[in-house]
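One structure below.
Chain lettering (A, B and C) follows the sequence in which the chains are written, and residue indices restart at 1 in each chain.
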């Protein structure tokens, strides 16, 4: 190796060392749910340019992925839609001063790819039938019964059902809703972040990674249907199906509706950042189910107290962060409780 | 009868030709697609594509892949600094002591290593580096890549040295040089071309692989290289993630990134071809 | 001792062996929980039931079959193409074109896999859906393989075709090296006997059939292990079917999709390390077979 070889090695070493010389700052690393991803990305891109001594990085890989990273201890904070299970909460709490609380509201919407259909009404039991596989074609009588105006419009084509392939809080919310609406679904599939999709075995399922993956698959495949966080459908101009809860009225989500539901759910729950939040989704969903748009969700922030940077970031969010379309802010009184 | 044979001959040859064309068509189409879509994205995003961070996709802003580029450079360097010396030494060992017990195991072992799916390497590094360090890191990614390049480089180094005529070595010993001197003064010079090929092969592998990075580097494209022990992003992983995004801005960024990756690859590839074909 | 070189070299060699050993040990050790609990049904049964606290059950039959299915499609398609490509390059192409083709083949072998994936997702999937799957289903729908109504471009077939493209250069390298190393005299002798070119080529191909077998075996191994490109186009769903028009899973794409969230569950990490072990077992078995054949027939090639 001549002098040029050594010079190359030297330059390489210099490059690998340079961050230690010029950027003593660090990164606050988070991962988890893709449900709040669009909101987090918006916050991050302003925060990271606001001259703070550290940057925030978030990898959306699903609520399960976030909880997995927290268990393995490889991130600073995580976001997860369903809270940690009591068992995991207790286990991780032993390692340090763990806190958890919902920090952003959203909704799961059902979106579809049906050329020429811009208004579609569905309910939990029909959705359960579709994902179970026995509602096979778009012009099924059970779909037409909810959409009498679409007779002759809905095609005789098989429905392609898109779902998440990763362990996902959005899936947890969606399957909880199906379980609430359909006894059969509750018995044969149940709910979870990762479930066994009956349509997969029939060859009519398709798995996507993250809310982004599901959105893309729905957009690319005609005659498909899937569920995503509200903001993704809004940003991508995807159609949103009207859903009905207990009342039987068909609606799409609204910001006011979300805040109202969250407000009453938080009052019923009466928990703080130090508490175990297991089971809160039931309260939230049942509140939503009986009041209006049934698929309301929130995402939790989980981290170990002691890293001042997270609090710095949270205070910034509280003061300067704006809420992007498709999400709603957590009621003010709750934020105050948390930050104090 | 003769006509029949002529006809069969013609049919057979045209089948061969068209199948060969079919075989080569994809790479032509891929190259075209990358150049076309990539250039379009680069023009749309402007030169700042090379140093900015990804934009906010909901506004349709492409932004750039600067952090991912800095991460990819770091990963390339780390993997080369770890992987090349190690496999170089091992290759020399295989050449010098082909009959030793270690060589007898190492020879098939490199072949085995070559066949290990790279995603498995990633899982392994996650277990032995990421979890104990408590962080996804550039170091973990570099180590995973160096594990992938090991068998290729080792084999190429050994073959390069084996290809040097035995006279060279004997001449060296006849001059009274010891093993190390013969190796460094005679053999490495004589095998130079082969060694350069090995080096470039290592670079090509490091640039070409994505799966080793899946569970090791942790970054999503926002942060660049910030130190060995910190998470980082890479162009390859960014393409993998952005390609599955429904946002047109993200997909454009993926194509722009794939053009950058392609150009980097073509640079290495051109050098490799040159080294293989001689002056 | 003047020979300080040997210990230095030997330690590098040993380190590599150590890493490989550690890898195999780790994988085995990590797979014990799932294998001891589920035994053979881990690979014979299909299902991916994850639950925190509750019963977990993992059966990778669907993914295992997906791996075998996509790899088989890949080799079946790549074989005639790489044989033709080898013959064309060695036998028929003018010198200039030969150089270009050889360059292109090497380029295909080394091209970053994620570029294949991006291309497969954007062009190959939609193309196959529109011009292959739909017409086949339309005209030959009675045939069980094509009876499934194609609904998406992300299928087993797409993954198989993409893999075929990716392993073609690799198989071609092996076959071409053998074919071009047939001594000139054989070829001339054949022409002297008055054979046509086609007949000569067929005879010559028969002489390298052992290399072709090795190429098939090693191509199969390559296809089975590929991850990133496959997981971008295969559809990522659990289901067993003979229809190549359905979305599916492969072991490697299962790992790519699930490993990120595995540590949330008690048994899933073990299930994934177990899958990796099985994947590695398949690749290794295939590689060992290929290398054994190669050695037996003393076939040499370079990547």
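Assume a contact is a pair of C-beta atoms (placed from the backbone, for glycine too) under 8 Å apart; a residue touches a chain by one contact, two chains touch by 3 or more.
Note that the structure is a prediction, hence the values are computed from the model and not measured.
If every chain is a node and each touching pair gets an edge, what shape is that graph: line, ring, star, complete or other?
Drawn as a graph, the chains make a fully connected set, so complete.
If we define chain centres by averaging CA atoms, which chain lands farthest from chain B? Would you check?
A
Would you kindly tell me how far, in whole Å, the mean C-alpha position of chain B lies from that of chain A?
The separation of the two C-alpha centroids amounts to 36 Å.
What is the distance, in whole Å, between the centres of chain B and chain C, each centre taken as the mean of its C-alpha atoms?
Those two chain centres are 18 Å apart.
Give the residues of chain C that touch two or more other chains, as numbers and ranges in rising order.
Counting only residues that touch two or more other chains, chain C contributes 260.
Two-or-more-chain contact residues of chain A, please, as numbers and ranges.
Answer for chain A, listing residues that touch two or more other chains: 72, 208-209.
At least two other chains touched by the same residue of chain B: list those residues.
Counting only residues that touch two or more other chains, chain B contributes 244.
Which residues of chain A touch chain C in their complex?
61-62, 64-65, 67-69, 71-72, 85, 87-88, 158, 160, 165-167, 192-194, 196-197, 200-209, 217, 220-221, 223-224
Residues of chain C touching chain A in their complex?
Contacts found on chain C: 47-53, 126, 148-149, 151-154, 235-241, 243, 245-247, 257-258, 260-265.
What residues on chain A touch chain B, complex-wise?
Chain A reaches chain B through residues 9, 12-13, 15-16, 19-20, 23, 26-27, 29, 31, 38, 41-42, 44-45, 48, 55, 57-60, 72-74, 208-210, 212-213, 215-216, 219, 232, 235-236, 324.
Hey, which residues of chain C end up touching chain B in the complex?
Residues 2-6, 8-17, 19-20, 22-23, 26-27, 30, 80-85, 87-89, 92, 101, 103-108, 110-119, 121-123, 165, 168, 172, 196-199, 201-202, 221, 224-228, 232, 252, 255-256, 259-260, 272-273, 276, 279-280, 283-284, 286-288, 291, 302-303 of chain C touch chain B in their complex.
Hey, which residues of chain B end up touching chain A in the complex?
Interface residues on the chain B side: 53, 55-58, 73-74, 77-78, 80-81, 130-131, 134-136, 218-220, 222-223, 225-228, 230-231, 244-247, 250.
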